[in-house]
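First, the structure itself, so that you have it in front of you.
Read from first to last, the chains carry the letters A, B, C and D; within each, the first residue is number 1.
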Amino acid sequence: MTDQELIEMHGMISMALEQIEHCSEFAAIIPEVRSNLVFARKNAGTRDDVLAIDGRITVVNRMPRAAGRPRLGASSHMARLIIEVQKYDPAIRAGIDFASTPDLARWLENYCRSNGWGFSVIDRRNEPEEIKEAEGASMPWKVQEAVRACGGTPPVICYETGAIGKEPVSVLLGKDPLEVAGRICTIAGLYHDRR
Amino acid sequence: MTDQELIEMHGMISMALEQIEHCSEFAAIIPEVRSNLVFARKNAGTRDDVLAIDGRITVVNRMPRAAGRPRLGASSHMARLIIEVQKYDPAIRAGIDFASTPDLARWLENYCRSNGWGFSVIDRRNEPEEIKEAEGASMPWKVQEAVRACGGTPPVICYETGAIGKEPVSVLLGKDPLEVAGRICTIAGLYHDRR
Amino acid sequence: MTDQELIEMHGMISMALEQIEHCSEFAAIIPEVRSNLVFARKNAGTRDDVLAIDGRITVVNRMPRAAGRPRLGASSHMARLIIEVQKYDPAIRAGIDFASTPDLARWLENYCRSNGWGFSVIDRRNEPEEIKEAEGASMPWKVQEAVRACGGTPPVICYETGAIGKEPVSVLLGKDPLEVAGRICTIAGLYHDRR
Amino acid sequence: MTDQELIEMHGMISMALEQIEHCSEFAAIIPEVRSNLVFARKNAGTRDDVLAIDGRITVVNRMPRAAGRPRLGASSHMARLIIEVQKYDPAIRAGIDFASTPDLARWLENYCRSNGWGFSVIDRRNEPEEIKEAEGASMPWKVQEAVRACGGTPPVICYETGAIGKEPVSVLLGKDPLEVAGRICTIAGLYHDRR
């Protein structure tokens, strides 16, 4: 009856949230659409196989705050992204989205290079019209672009340029929420203390 | 010591939130950037004169949920909007932003017409380049556009078309948060039950 | 339709909560049963005329935190207390309960004396058996005892000794939640800093 | 670096909370002191080895609501109880406290008997004076009493009679929070529906 994979997933996302909620510098890079932290079951097929934060992670009292509890199916956009990424590397099961500004993008590119991490830009101006117009076709294209730019493996960090009506966001990928939380808090702290 | 205007403002925004949090249909029209409910002091000059919801209004358990408490200065974008609107009509001190889709926009236009309410579209493609580029210049232009389209008074509802990196949102204006909450809950319910 | 008294009540209790949630020293004197902050309408007759905190005020991350939103009818015990107090002095419409220990009680008695405030002890060992057994009869007796000990006016602070199954608590009374919040935060701070 | 036992513990307590927060009938048996759900590490020695709900589980909008997040060290009373119970049976690592009334106690005794579960009453009138007065001595005595009354193994449910200043509470024990949550929700539902 109890599902061991799900128990471990809930445990890791809960501990990851605890870390993120205590990282004041992360509040500064939460985007307008708010952040979500996702964690996909192995071989996830639909959004209901992806654990995410109900209500997303917002900013209250200047600190990151999960609005609700982690729940399967609580994300649409980030869930579809992580499912698509798993097709290239099944070991990458977690991700978080955060702000994207020209300054942060430049900083991230350097940071990734110095860590030997893959970094990709998804330029939405290159998105073919027939894909833009087909419901649900953008995500496979975007992930394909990100992987192509990294040369065969999913990047650790990617960001997409804004499109009409779409806020540009960065995404950090990893094997589980603990890895993702540890890295994003380090990034938020270093970016805050830059120069 | 106690500020009577502020007491009444806190009272109205608190009661308005209570109503919004019980309106399940409103959850369906909360945009990606989440909604904020703002209430400006009379003669508000800066965002610190505008009461707003810390962390915005998100969706938890399929219901609208204020992430934090109402606080002066908790909004930037909607605060600047309501300050600008007050320059045309000081009696309009409250507003809420919500989703904008082509279908909802058509429905809202009809709804406004049948209520005799002003309705405006702000077409961001018309925004002059020099305004786009000047920090802080967009909001006065947007409100001016909305007022111009209504023929001299601020509209009850306006929406802006999306721009690069900007989600299009609708805005409902009113004299105080109780009026705004009552109207947006009616709108959310009617839109949910349409045809 | 809008009820001016209720708007002001919601405003004051909301601003009072904001102050209490930022008073770290108050967390140390929240009792096992948690605190509630109540505010009665003028001439309150039942608990539904009394605004209180849904879920009470608990301690999260070592800080006081209102579990839910202020709501009419959200308190039973403290609501009945404030209704009873109003029979002696209609101007006293707000109160908060907090911890009672022998050390705190001694300190409070001195503090009240030095401020010229009424201070009462309700010794529940003196409660007549017929009152203990009659449903709802204890509260009138307790308030009568507290008033009697003060010599005719409701005390600013009272506490009751514990009884079988009942945690002893202290109560601070006042004209509105802003007065009560200001005073309890001062008390919590001074008690924390005592020698 | 990651602690597998802690991950599983967080996972189970998080999933248990999700179940409890959706069990409306449990709200009716949350005591004045609010409920806590605890989960001890194997061989727990101090409260910092026990995961518990920061701020306890209170009632908001008539539903159970965890005030804060699960955290090691967030409980004192229930943590000491579960540590003491582990001395008799190390497999019992979780527990929740809830209301105790004469009617509920009778019902629970029957329910335990029909399930073949151990049920104990801790009559605090039997507590020796020297134990009452010694700091920290009550809990070992209480658990010893509960075990003694069950004939050698910890009971599934026990309750203590009230003492001066102490609300009587019932406690349900189990091997992990998922077992405890499943059972307490069943109990709350059956008790609610009793004739």
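Here are a few things to note about the model shown:
Following the convention adopted for this analysis, contacts are C-beta pairs under 8 Å (C-beta built on N, C-alpha and C of every residue); 3 or more make two chains touch, one makes a residue touch a chain.
Everything numeric here is computed off the predicted structure, so don't read it as measured data.
The chain with its Cα centre farthest from the Cα centre of chain C is A. Computed centre separation for the pair chain C/chain D is 29 angstrom, with centres defined by C-alpha atoms. Inter-chain centre distance (chain B to chain C, centres taken as mean C-alpha positions): 38 Å. As a whole-number value, the distance joining the C-alpha centres of chain B and chain D reads 47 Å. Shown for chain C are the residues in touch with two or more other chains, of which there are none. With chains as nodes and touching pairs as edges, the resulting graph is a single ring in which every chain has exactly two contacts. Listed in rising order, the residues of chain D touching chain A in the complex are 2, 6-12, 14-15, 17-18, 21, 69-71, 178.
Those residues of chain B that touch chain A in the complex are listed here as 32-34, 54-56, 58-61, 65, 67-68, 162-168.
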